[in-house]
Every structure is written in C-alpha cells, then in structure tokens.
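Two complexes, one shared chain (subunit A), two partners (subunit B, subunit C).
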Partner chain A sequence: MLLSVENLTMKFGGVVALNQVGFGVEEGSITALIGPNGAGKTTAFNCITGFYKASSGRLTFSGRDQEPVDILAILGENFQLGDLLNPVAFARRLYFKMFGGAHRVTRAGVVRTFQNVRLFKEMTVMENLLVAQRQQVNHNLLAGFFKSRAYLKAEAEAVDRGVKWLEFFGILDSANRLAGELAYGDQRLLEIARALCTEPKLICLDEPAAGLNPRETELLNSHIRQLRDKFNITILLIEHDMGLVMDISDHVVVLDHGEVIAAGTPLQIQNSAVVTKAYLGIADDEEEV
Partner chain B sequence: MDLIIVGQQLVNGLVLGSIYGLIAVGYTMVYGIIGMINFAHGEVYMISAYLSAIFLAIITSMGVVSVPFALLLVLVVTIFVTAIYGWSIERVAYRPLRGSTRLAPLISAIGISLVLQNYVRIGQGAKSQGVPPLIDGSFRFHLGSPDSFIQITMIQCLIIVASLIGMGALHYLMQKTALGRACRATQQDRTMARLLGVDTDKVISIVFVLGSAMAAIAGVLVTLNYGSFDFHIGFVTGIKAFTAAVLGGIGSLPGAMLGGLVLGLSESFFSGFINTDYKDVFAFSILVLVLIFKPSGLLGVAEVEKV
Partner chain C sequence: MKKAIKDSILTGLVAFLVFGPISGLVLSGYSIEVHAERPLIMAVVVALGRFVFALLADSSHGLKLSAAIFGRRDGGVTVASGEPTLSPLLYLAVFAAFFLPFLLSKYWLGVAILALIYVLLALGLNIVVGLAGLLDLGFVAFYAVGAYGYALGSQYFDLGFWSAIPFGAFLAACFGMVLGFPVLRMHGDYLAIVTLGFGEIIRLVLNNWVSFTGGPSGVFVQAPTLFGLEFSRRAKFGGEPFHKFFDIAYSSSYKTMFLYFVLLLLVVAITFFVVRLRSMPLGRAWEALREDEVACRSLGINHVTTKLSAFAMGAMVGGLGGVFFAASQGFVNPASFTFFESALILAIVVLGGLGSTVGVIVAAIILTVFPELLREWSQYRILLFGVAMVLMMVWRPRGLVRPKRPFFAIRGQK
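And then the complex of A and B:
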C-alpha cells in the first residue's frame, strides 16, 4: 500500500467534514475519489497533501526509500502529555513544529494540483517548472550567486526534467512564455507538469478534466494512463466526469457526507445501490467545503 | 552660479537617494513576500550604524592600518551581524503571528522597533556618537572661475558605487538564481510554493536577511559620510525609505531603487532652492500625493485581489 488513510477526521469548528475516513491507494494504481458535492473529497485531498492539518487519524505514506512517512507528524503536531516522559518524542515533535510543513510532504513524494489553476502567472513556463525542483537544486545563496559547478549541474538537470515533462504534454513550444499567457487547457497541463517536476511517487489531481472540452479530456485520459504505465507514478484523482473515472480507474472510493460509503472496482461501484442512492436519492446537496 | 548649485544638489541628491534606495529595498522585499510592512526596518539600519562604529574601533585597535582593508572588513562583519538582527526580527515578531490578523505583526514590529531603540539608548547612551573621518579627498569640477566648482567627496563616490553594486547583486540574485526564483514564487502564491516543496519559512527568513544586509550597507556608508549618529536616526530615515518604496511601487525591487533616487533628488533640490527646514515636510507631501494619485507607485502593478 503506497498510502493508507486510517480514521481520518477533519473538523472545522463544529462541522465534521471528514468522519473516520479510511481507504488505501495501491502503488502503481489509478484511484478515483468520487462523491456528490460537499462529500469531503477536496477536504480529504487537502489533508493528504498537508494543505490542512487533519484533526485526527493517521496518514501513512511509503516514502522514497520505502520508509514509512507519518504525514501528520511531519506537518508539526501539538505536544502531548506523554512527551514529558519521552524526550525523543518531544524532540521529534519540536523539530517538526519548527521545521515541518507541507513542503516536507511534497519532498516525501506526494504532490497535488488544484481545481482552479494556481500557476505563478508572472513567471515563465520553465521558471514554474524550476521552482518545483527546489529540492533538487537546493544550493545555498552563494552557490547560486557565483554559479558553482554543482549548482550549474543541478540547474541543467532541472531544465532537462522540465523539458521532458513539457514534451510529454506537448507544450514545449511555450517554454519561454509567461505562464499566465497560455490557453486555459495548456495551463492545466502545465500545472500537472509542474507537479510532476517534484518527482512524486503519488500525484493527487483535483478535477483535472474540469473545463476541458471532450477532445482535451480524451488526451488527458491517455496522459494519465501513461503516467502510471510509463513513469510508474501512482495517481489519486477527484473527478466529476464519470466517463473518465470509470474508464481509467483501477479502484474507486465513494465519499458521502464525510464518510466512505463504498469502495471497489469501477464495475462494483456502478452497480452499487448505496452509491446510486447517494447521488440521486437524497436532495440535500451542500456547498463544497 | 546657478549651474553650480544644480550640479552640487544633483550629487547630494544621488547620494541621499542611494541611501534611501538601499533601505527601501528592505521594506519592499518584505512587503512583496508577506504583504506586511516591517516597521522595525529603520531600527535595523540604526543598529548597523552603531555596529559599524563598534567594529571599526575593534578592527583598528587590532592593528589593521590599511584603510580600504579595514573598511571592507567592517562592511562584511556589519552585514553579517545586522543580518542576524533581521533574521531574529522575523523569528520573534513575524513568524509566531503568521496566520493571525494582519494588524498583529504590525504592532509586534512597532514593539520590536521600540525595544531596539531603547536597547541601543541604554547600551550606548542617548548622546550622539561619532567616528572620525577615515576617507578624505574629493574630486572638484571647476566651471569657469577657480572658486566655483562642484565637489564630490571620495565617500560620496563610494556610496553611489557601493549602492549600485549592492542593488545590482540583489537584482541578479532575485532574477537569475534558484533562490530568487523561490522568492518570486513565494511572493506570488505562498501556499502553492510550499506545496511544490519550497520551504517558504526559510525563504521568508532569507528575505529579511537580504533586506537587513542592504540596510547594513547603508548604515556603514552613512556612518562614514556623516560621522555621527544616535539611537533615533532609524525613525526618520526609515520612514523616508518607506516613502521611497511606496513612491517606486511597494513590492517592486527596481521601484524601490528608483523611488529612492527620485525622493533623494527632489529632497535635495527642494532644500537647495526653496527651504532646508521644510525638506521633511516636502518628502512626506510626496508620500501623500503618491498615495492619492498613484497608489501603486511608479513601477508597481495595480493590486489585483487574489482569489
């Protein structure tokens, strides 16, 4: 299991957005998270990628060296009473309180894209991709200033990686344009390319097909498959386009009102009475939190 | 005769403007990255003036006789120690309050500013301190008769050259290196930068450090130029540098440099031709006029509400 989510709970004041959610993502799979509006899909994403700190639960990710990463711990947890007796646990929590944060989740190998495109619009396409490789080009101020050999080498590798992904998505021609100038469809692709530049093991795509025309969706579909098959990247996606979901997913998890109501293969989900009821039965759609 | 005054005020204005620009950079960078004004930045400049005098005394007492070498050493050590002050200000006044209301860090920064002023006042005394002139010599450009000339002292040359180098280096760092890229990304969308693996806390610290280093250059140069300073110099100079940053478009690095020069020149011409006593009034009138007629400043981009 690449990512296992256990008893994940997220509360906003008195509102329970996620209640004891549990599911797993197999390495090398495409897993889809679906559910009606307000089901808590995006909240689950936010917790997994460190955008939010979950209220409770456990998120275990198998990191780059197969070493388990406790996502909630590296975001910086609150101190607990037991820490007074256990200096090691105390030091660990203190360390992550001071130096932890969402960037560590990304560095461990989980990256996400957003439903609305969030590019650095005033930077060029290539610069957008290079920013995402901060970890790989993490040299100090002076090395960058005086262009040390190690820095230049890392920088050249970073550009190569950027070119590789731009080529993959067919937007290499735009490499030196400002990101904000690209067509909407290309901006979405660039956002995925940028996420891929962090060299993730798991990429979380939040409604990648939203706002794309059928032809673009078709293309995206094949790109996502290739990511899994050619580059061995695991994919977790939220999507409302059921055609796309049923077509490419290996595993589907259905959320409703902050709880997992069904999980299984696309075929099982399509024939599930609970899922049909959740989508069509009750008329109390809420706004997405 | 008039040409002489114009020329002389031009020189003085450039010198003053360079100093304002160096300090304004610190305001504009911090604003650019966290959207808040670092009201303790003037105090950082004031502290660097003291530090430079202290290090100058230490280094000369250690037997360094070569003036250029001693100055270089003073500059490097002052930049380093001032940068630590800048880093600490961020750590103490800003980071714990990140995520709280916008006003909270503003108030804590004013608090830090008062703490630093009084810390220097108690530690160094309220009397103004001085250093003896180290560099003398000047260039004179004669126009016609032997007693009408424009004078540029060596120190004034040094100020202009040093600030050009400092700002050029900073611009290069922001535009052409991986660190600068991370800074610009953090400036545009901090959350997104973090989710892409950029350690935004570290980037913000570095911005404070760089801003303080620029203020330190200004502090050393001003100490050499005017030779005297007290615990209160950070306030007026800080506010003027802030005016320069707003004038140039806060958040924009070239804007801060340009704003500094425009403010320095206009202040210098105002005091040369109209009235010296009202030069501060004039400087702040500029701030008011800019805020009314072009709030985004000379090179600033009109603020777009982030969604």
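And then the complex of A and C:
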C-alpha cells in the first residue's frame, strides 16, 4: 500500500467534514475519489497533502524506498505530556513545528494539483517548472553567484526535465510564454506538468477534467494512463466526470457526508445501490417520510 | 459639435455652482455682499475653455495626441527575446560613474553618495516588495538599524568603518528575521500595517532610549579610515592622516571621494548579486511566492524560510545603506528615519517598476538628484512628485521598466 488512510477525521469547529475515513492507494494504481458535492473529497485531499492538519487519524505514505512517512507528524503535531520526559520526541516535534508543513509532504513524494488552476501566471511556463524542482537544483548562493559548474549543470538538467514533461503534454512550443497567457486546457496540463517536476511517487489530481472539452478530456485520459504505465506514478484523483472515472480508475472510493460509503472496482461501484442513493437520493428515504 | 456645446454649458453650470459660494459671496464686516458677476465670469471662461478643448479633442490632431498620451498602456510582463540585453550603455554608465568624483564639487558628490545610498535602499526593498511581494511600509527601520549599528558600535565597541559594513548588514538581517516571524501569516494590507508599525517602533525606541542611543540628540560616528589612514586634518585615533601619508595638500573632499568609491563598488557588487539572484532558485522561489503562496507550498517550497530569507536579504541591503549614511553624515539621529523615508523608498521601487533592478536604480537616482536640481522650487517638490506619480500610473502602470522574464533556450529549437 503506497498511501494508507486510517480513521481520518477532520473537524472544523463543530462541523465534522470527515468522519473516520479509511482507504488505501495501491502502488501503480489509479484511484478515484468520488462523491456528491460537499462530501468531503477536497477536504480529504487537503489532509493527505498537508494543507489541513487532520483532527485525528493516521496517514502513512510508504513511497520512496525508505521507511514510511507519517504525514501528520511532519506537519507539526501538538506537544504532548510525554514529551517532557522524552527529549528526542520533543526535539522531533519542535523541529517539525518550526520547519514542517505541506512542503514536507511534497518532498516525501506526494504532490497535488488544484481544483482552480494555481499557476505562477506572470512567470514563464519554463520558470513554473523550474520552481517546482526545488529538490533537484543547486541551492548554494555562492555557487549560483559565481555560476559554478555544478550549479550550471543542475540548472541545465532542470530545464531538460521541464522540457521532458512539456513534450509529454504537447505544450513544448509554449515553453517561453507566460503561464497566464496559455489556453485554459493547457494551463491545466501545465499544472500537472509542474507537479510532476517535483518527481513524485503519488500525484493527487483535484478535478483535472473540470472545464475541459470532450476532446481535451480524452487527451487527459490517455496522459493519466501513460503516467501510470510509463512513468510508474501512482494517481489519486477527484473527478466528477463519471465517464473518465469509470474508464481509467482501478479502484474507486465513494465519499458521502464525510464517510466512505463504498469502495471497489468501477464495475462494483456502478452497480452499488448505496452509491446510487447517495447521488440521486431515492429509494427508502422517501418511504420514511 | 452639438455634444461640445452641451458639454461646455454643463461644465459652465458646474463651475458656477462651485465658484459661486467661494468667490461670489464676500464677507464685509457683519454682512455678506453678493458679487454674482465674479463666478459668472469664471463660469463663462470655463465653459469657453471646455468648448475649445472639446473642438480640439475631436479634431484629427487632438485624437492623435490623446491616443499618444493615453493609448500606450502596454504595461504587461514580457518575455526576453533570448539575446543578451545588457547594452553597452550600461557599462558606459558604470564606467563614467567611477570618474564622477573628479568632475563634481563636494556638494554634488554628497548628492551622488545620497543617490547611491537610495539605490541600495531601493534594491533592498525591491527584494522584499518587488520579488517576494511582501508590502513593507517600514523599510526605514533597517536603514536605521544599519546606521545605528555603525554609530553605536563605534561608540561602545570602538567599531571601525570596515567592520561596521558586515556588522551593520548582519544586524539589519537579524532585525529583518525578527520582523519576518510575526508577519509570516499576513498578506497585503495587514502586512503593510504591521511593517509600518515596526518602522515606527524602531524610530521611537531610538528616540526614547536616551541612555543608550542618545535620544533625539543623536550619536556621533567614528570617521571612516582607509587601512588606518584617517581623512581628518590631524589624526584623531592615533593613525596617520591620509594627506600626510601621500604627501598631498589636505582637502576635506577626500573623505567624500573615498566613501563614494567604496559605495559605488558595493552598489555594483550588490546589483550584480541581485541580478544573479533573480535567476537563481531562491529568487525564483521568491517570485513564485509573490504569485501564489499555496501553489508554492504544494511544490515543496518552505514558504516560512523563503519569506524570512527575503526579509533578511532585503534588510541586509537596507542596513548597508544605513552604514554608509552614518559614515557620510558623521552623525545620526532618529529624525532621519521617519515614515516619509519609507514612503519615498517605496515610491522609488514602484516608479522604477516592481521587480526590475535597472528601473529601480534609475528611479532612485532620479528621485534623489532631481529634488536637488530643483532646489529653487523646493516648495513644489511634493506637488511635482505627486504629478509624476499620477502620470506614471497612467502611462506605465508597471513602472519605468517593464518586468521581463528570462528566456530559456531549448535544445532543438531556435
């Protein structure tokens, strides 16, 4: 299991957005998270990628061949009484309190895109991709100042990596255009390309097909498949386009009112009465009235 | 034509209403005299003016003129063409700057030093506001920290000019971090208010901590030396005076010239550094942070350290400006570090073009040298300043120099 979500609960004051949610993402799979509006899909995404600190639960990511990462720990947990006796645990918590956050999750190998495209609009497409390669470039200020050989090499490699992803998405011609000038569909692709530049193991796509026309959706469909098959990147996506979801996903998790109501293969989900009810709100609800 | 007449009548009416109470009613003793003819004349003049203006504006020449004035709203960001853009003119300007001290009088050299100090300040603020997008209205605080770092350092620890440069820069960078921590979560207006407060706090502390800073009466600064050579007529600190060592006649402008050269070298170095920084990962991260903080976090950029580094780096450059200010004045007091200075530095950065290094440098020089040139009209200085601001916003909303993005050559493409 690449990512395992156990008993994930997220409360905003009195509102329980997620209640004991549990599911897993298999390595090399395409997992879809679906559910009606307000079901808590994006909240779950925000918890997984570290933009929200989950109220309770466990998020374990065992990506890069290293020991599993506890996502909640690297976001900076609250101190506990036991920390007074255990200086190591205290130091760990303090460290992540100071330097932890969503960026740590990305560095561990989980990256995300956004429902409403968030590009660096006044920077060029290539710059967008270079910003994302924080871990791969040379950060030494002196090396950059004197343009040392190692620095130049790292920069050139970063550009090449950017070119690779632009080529993959077929927007290489726009490399030196401003990101904000691109057509909407290309902006969506660029956002995915930018996320891929962080060299993730798991990419979380938040409604990647929103606002795309059928042809673009078809193209996106094939891109997502290739990401899994060619580049061995695992995909977790939220999507309302059921055609796309049923077509490409290996595993579907259905959320409703902050709870997992069904999980399984697309076929199982299509035939599930609970899911139909959640989406259309029929059957025994009406009998009770 | 019909519209012109209608317009002018309407304008005349409004003018009559406005001028009526102001010039039509005259207070004499306890009664009010009505002089209706005065506003009437004014209204007629205004209406006629409007009529002529409307006729001219509708003619082909007028249309061309207004198009030339208001049509150029090309303020957007552009991408560099890929060819080297550093014009030889720029090298020439730097080269010429090194010969300036031999041509200028001591007074104008002092102005040149001030201009270079403002270049430093503007470069520093440009990092914070232009690159990282953190609106800082209290930048003068770091200027003060640098200046007082040198002044108090020389008073209490016998700190010399050369050690004051790194010390002042370091101290200002630390203060930048101190300011950075509480404002990490703030954006835009809120950030501006907090930084404004910070600037005032520094000034008030300097003003009121009389036992340490000397309060409003200020601190004297140890004069700068060159390898132990002093620039005073007689050696005050046991060294040898500069003119004695080289066996030349004493002149009080040696010190100014010396400061100018050191400052110029530093400005060139810092400019070079800032230009390089923009194409380095850190500079890119700053600009990305300005564009979208949430996206930055999602890409593995630690927004906390990135913001702090922008504050520290900007403050450091500002602190350097402060050290040179203290050295050139020989005396510092809190009156030099008011909010007006912050506003001026911010105006320089905005006029020059947020994020544009060349633009900011040009704007800094213009805004410090022109007020000196226009000494006779010093009453109108702020007025001219305001007019310049408004015109800039009309013609070039993005500043003197448009922001330009770097071009990346891609293999297999031209």
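Brief remarks follow.
To be clear about the criterion, the second predicted complex is superposed on the first by the 279 of 289 C-alpha atoms of A that agree within 3 Å, B and C clash if a C-alpha of one lies under 4 Å from a C-alpha of the other, contacts with A are read in each partner's own complex, and residues count from 1 in each chain.
Going forward, contacts are C-beta pairs under 8 Å (C-beta built on N, C-alpha and C of every residue); 3 or more make two chains touch, one makes a residue touch a chain.
Here the structure is a predicted model, which means the values were calculated and not measured.
Three-chain overlay on subunit A, with subunit B and subunit C in a clash. Of the two partner chains placed by the overlay, subunit B and subunit C both lie in contact with A:198. Look at A:116: by the touch rule set out above, it reaches subunit B but stays clear of subunit C. Between subunit B and subunit C, it is C that contacts the larger number of residues in subunit A. Residue contacts after overlaying the shared chain place A:145 against subunit B and subunit C alike. Of the two partner chains, neither subunit B nor subunit C is touched by A:257.
When the two complexes are overlaid on their common chain A, residue A:172 makes contact with subunit C while staying clear of subunit B. Contacts of A:130 after superposition on the shared chain: both subunit B and subunit C are touched. With both structures placed on the common chain, the touch criterion links A:51 to subunit B and to subunit C. On subunit A, the surface patch touched by subunit B in one complex and by subunit C in the other comprises residues 49, 51, 99, 101-103, 106-107, 111-112, 114, 118, 120-123, 127-128, 130-132, 134-135, 137-139, 141, 144-145, 194-195, 198.
Residues of subunit B that touch subunit A in their complex: 169, 172-173, 177-182, 184-185, 188-189, 191-201, 206, 307.
Those residues of subunit A whose C-beta lies close enough to touch subunit C in the complex are 49, 51, 98-99, 101-103, 106-107, 111-114, 118-124, 126-128, 130-132, 134-135, 137-139, 141, 144-145, 147, 159-160, 163, 172, 175-178, 194-195, 197-198. Here subunit C touches subunit A in the complex through residues 77, 79, 82, 273, 276-277, 280-282, 284-285, 287-288, 291-292, 294-305, 403, 405-408, 410-411, 413, going by the rule given at the top.
Subunit A makes touch with subunit B in their complex at residues 49-51, 99, 101-103, 106-107, 111-112, 114, 116, 118, 120-123, 127-128, 130-135, 137-139, 141, 144-145, 151, 155, 194-195, 198.
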